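A, B and C label the chains in the order they appear, each numbered from 1.
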Amino acid sequence: MKNILIALLFLPQMLFAQTALEIVTKADDKMKGKSSRSELTITIVRPSYTRDMSMVGWTMGRDHSLTYIISPKRDAGATFLSREKEVWSYTPSIERIVKLPPSMMSQNWMGTDFTNDDLVKQSSMVTDYTHNLIGSETMEGYACHKIEMIPKEDAAVVWGKVIVWIDKTEYMQLKVEFYDEDGYLVNTLLGKEPMEFDGKLIPSVMEMIPADKPGNKTIMRTNSLKFNIGVDESFFTTRNMKAVTAND
Amino acid sequence: MIFKLAWRNIWRNKRRSYLTIASIMFAVILALLMRSLQLGSYESMIENSVRFSTGHIQIHQNGYWDEKILDNSMPQDTQLIYMLSGIQGVEGVIPRLESFILSAYGSKTRGAFLMGIDPEREQGMTRLRDKVVEGEYLTINDKAALISEGLAKYLKMGVGDTLVLLGQGYHGASAAALYPIKGIVKFPIKQQNDQSIFLPIPQAQSLYDANGLLTSVSIMLDKPQRVDEVEKTIKEYVNLEMLEVMNWEELSPELIQGIEIDNLSSLMMLYILYIIIGFGILGTFMMMTAERQYEFGVMMSIGMSRIKMQLTIALEMFLMTVLALIGGIGLMTPILIYMHAHPIPLTGDMAITAEEMGVEAAYYFSLQPEIFLNQAWAIFIMAGFLGFYPLYSIQKLKPVKAMRA
Amino acid sequence: MLVKIAWRNVWRSRTRSLIVISSIAVGVWALLAGTGFMNGFLVSYMTEAINHDISNLQVHNPEYSEDNDVNYFIPNSDEKAEKLNQIPGVVAVTKRVLVNGMIQSAKKATGVEVCGINTVEEANVTRLDSLITEGAYFEGVKRNPVVIGSKLAEELGVKIRSKVVITFSDAEGEMISGAFRVVGILKTSSIRLNQLTAFVKSSDIQPLVGVGDNYHEMAAVTDGTVEDSVIVSQYQLMYPEDLSEDWRLLSPSMAMMTDMYGNMLYILMAVILIALVFGIINTMLMAVLERMKEIGMLMAIGMNKTKVFSMIVLETVYLGLVGTPIGLLLGYLHINYYQKRGVDLSAYSEGLEAFGYSSDLFPYLDNSVYFIVSFGVFVTALLGSLYPARKAIKLKPVETLHKL
């Protein structure tokens, strides 16, 4: 009886918190179908140069992914496999597969503003944070929930807080801001130009903008995206790194 | 008139004058010896440190020093290298292309520092060839790598095995290559021994997709004293908007600080030496004064004024000091020149360790002109200061008493 | 008889004697002070570096030195550490878990060696706690505290209580990440400690690495009564399967520096002693030449050459006997005074602070040095008297008497 009373007392708060968590969970699930195949173009913008790359990526669940580089020519055929916190690299020109050690994980992946570590995704936006709905704003013409995510004390997350804008109907992440513990903005991830892929509305362009490096950004454009393509564990193996082609 | 008197006085009692001159001369000799040895050890420290790291002067792209990444590379300019080699005092011009790379062999991987080098030029600076313990040294046209001993051990590979290199090149290009190991080099410093790889510059450039690029050009001089002069010449020639010219003092401030700390203790020893030689000189002066009491008394009673006597004595001491300084420096200059060219070698364990470290184990003597100037001044001022004793003694002199004594 | 004459001679020419006495006293004082301060430098800067960084000796699994795989730990390190601690000369032992990995802040990620320590043992061995310039030594943060160097902190853009994530491969080769909070920032001249190491509690890191309660490294400090190499071979006898090395093997460059520094001290001391000898020779020679008439008289009335020679030497010995204790006392008081207070060198070198050294220098002297220096100066004085004494007996009595 007493417990029920206490539960009733906190009910509104619990509902509210659960809503924020639910939104984030839905948004997280949205990006991770059971499996997927996508064709991407990545543009690296630097003050002194820009660089284009195109590639095909396959994913399964949250911790399996394989990436095949189509261009530039120098790198054509190179593949990256990330599987359960491990990252492997295959370079056709030297016909070698190398497992990247932890110290390499801090390096920028292929010269982008994403690190190898971003690919492995050590943390989960659902379980490693506490979530708070802090308002509503419009992004890219979509009404969004604005959610503040504070990492849990033990979570292996370097951010002080993360603010994410998730649209209210389709659960797209249209903007993510990463702050350090002093409250300074470090990175901004923008989701732009939502398009329908395989029946789901998804931002077709993602921009990663580091705050402390003016003139630097990485633009990732999704050209095609298919879900539930029927790949299994055997696709994400080091052996397949050599065998896979852009048409798989 | 006074000068004549003073000059005659000096040579009247040769024994006494010789002793006085000898004591000052000896002071000069010891002070020179000590300072030359102290500064010589710093010179060799600088020489070693500079040789194994940055060179006396380094040229790199503006911004490279703050962020040592390939994207901050400079163009490989043959004309610049040619021009630098032509500057008087430049002993070697050493181009390099350095970056981080992942090395792998079998199932082992380790991050390493890869240095693209011009093997012949590099030998002139870091004497890399002498560090080869297995296999052979590189030539510029080789398509092969040198690897440090610790790294080779870790990767469990030897000469002839094929090393996998994987990383990121210029402007985000991927870098991947296979190279046979031509030789294994051993470094005394563990960190360096555990993660160094060397490739000929053309290979490093193709690996990093950095054709026609260098990260730095180091310059070795025949004498470190020439740094300022050569740095100025270079700065007039290169485009400072694009390139940065740094001297070793800017490149390794910690070396300067280390020397500064050590110099504190050296100066302390020098001051202690001054105190002791000061006492020696004072002793001689006092003795001279005591000995000449009678003479002073006579001079004064025949009507010579105190001030005139003091002037004569002061001049005597001045002349003797100058003679001693000339004698001391004259004697020490050839000796130090010889010592500078023939450092005293160390022996025993220390020599062995030093050899492993790749440094020449010896006590070096410096020939910096400042040493001669500073020590001459120091002794001169000391003699001048101590010379007040005889003058004071004349001031207090009672002629009658003095003649009786 | 001779003893008396010589003693009286000493005090007959007071000024001259006082000069010799004071130059001997100053010589003794200078040598004591010089050695004391140089020792201070050696102890403060070099020994500190050895203590803080590599310690007197280290023990590893021989495989670990070549291949820093976390599985190459030292088996039974608890028992071994205790045995090592019991070897005479060993003051304290500490054990460390080592793993290479990556440390990450919001701003940057960079490679580090993660060093899991027992905080109390580590402080006993490397006095790591004394290097802390900001925050506290593993106090104030309850969960997963980490201590890093100021250079690393600057690079990562973190300060006290900032969170960092440390990532490494565990014993199974799996990538493991853990959140840590900066509890203290240390500052030292050692690049390894200041930029490339993250200190955490061994109890925090062991479960993550998955090596049970095993360690990869043992480090020990010794009190200097037993040679480090002897301790190393004693340990090696007990546990031949381990690799134990003293600091000379671990850091040949440091060994060479220390040797060169020590040798330099001897050379400089020799130069000072030569200066002292010269001062004494000069003064005594003057004393002899000044007294030619008197000595000539003594010889004319039948004093033999041996006696004259002994007389001059004895005079110098007296001067030494008076001067040396004065110098000893001065030196002792001087060293003792500064030993307690320290000499403030901050005015002379900014470098000290930048190197993470204290700008206070604490001179230090072994008791034996007092003895060695007094002996050295005394012998020097004696040597210095030989030439003038020889000169004295070369005098021709009649000639000297005629001269004046």
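By definition in this document, a residue touches a chain if its C-beta (ideal position, glycine included) is under 8 Å from a C-beta of that chain, and two chains touch if they have at least 3 such contacts.
Since the model is a prediction, treat every value here as computed from it, not as a measurement.
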| item | value |
| --- | --- |
| Interface with more contacting C-beta pairs, comparing A-B to B-C | B-C |
| Distance-maximising chain from subunit B - centres being C-alpha averages | A |
| Subunit A and subunit B, separation of their C-alpha mean positions in angstrom | 56 |
| Averaged-CA centre spacing for the pair subunit C and subunit B, given as whole angstrom | 24 |
| Where subunit B touches two or more other chains at once, by residue number | 111 |
| Contacts with two or more other chains, residues of subunit C listed in rising order | 111 |
| Sequence positions of subunit A contacting 2 or more other chains | 101, 103 |
| Interface residues, subunit A side, partner subunit B - complex | 44, 46, 48-49, 51, 72, 74-75, 78, 89, 91, 93-94, 96, 98-101, 103-104, 107-108, 110-112 |
| For the subunit C and subunit A complex, residues of the former touching the latter | 100-102, 104-111, 143-144, 157, 162-165, 167-169, 174-175, 177-179 |
| Partner subunit C, residues of subunit B touching it in the complex | 15-16, 19, 22-23, 26-27, 30, 33-34, 37, 41, 108, 111, 150, 153-154, 188-189, 191, 254, 256-258, 260-262, 264-265, 268-269, 272-273, 275-277, 279-280, 282-284, 286-287, 290-291, 346, 349-350, 353-354, 356-357, 359, 361, 363 |
| Contacting residues of subunit C [partner subunit B, same complex] | 13, 15-16, 19-20, 22-23, 26-27, 30-31, 33-34, 37-38, 41, 45, 66-68, 111, 189, 192, 252-253, 255-256, 259-260, 263-264, 267-268, 271-272, 274-276, 278-279, 282-283, 285-287, 289-290, 345, 348-352, 354-355, 357 |
| Subunit A residues within the subunit C interface of the complex | 85-86, 101-103, 105-106, 115, 117, 120, 122, 151, 153-160, 178-181, 186, 212 |
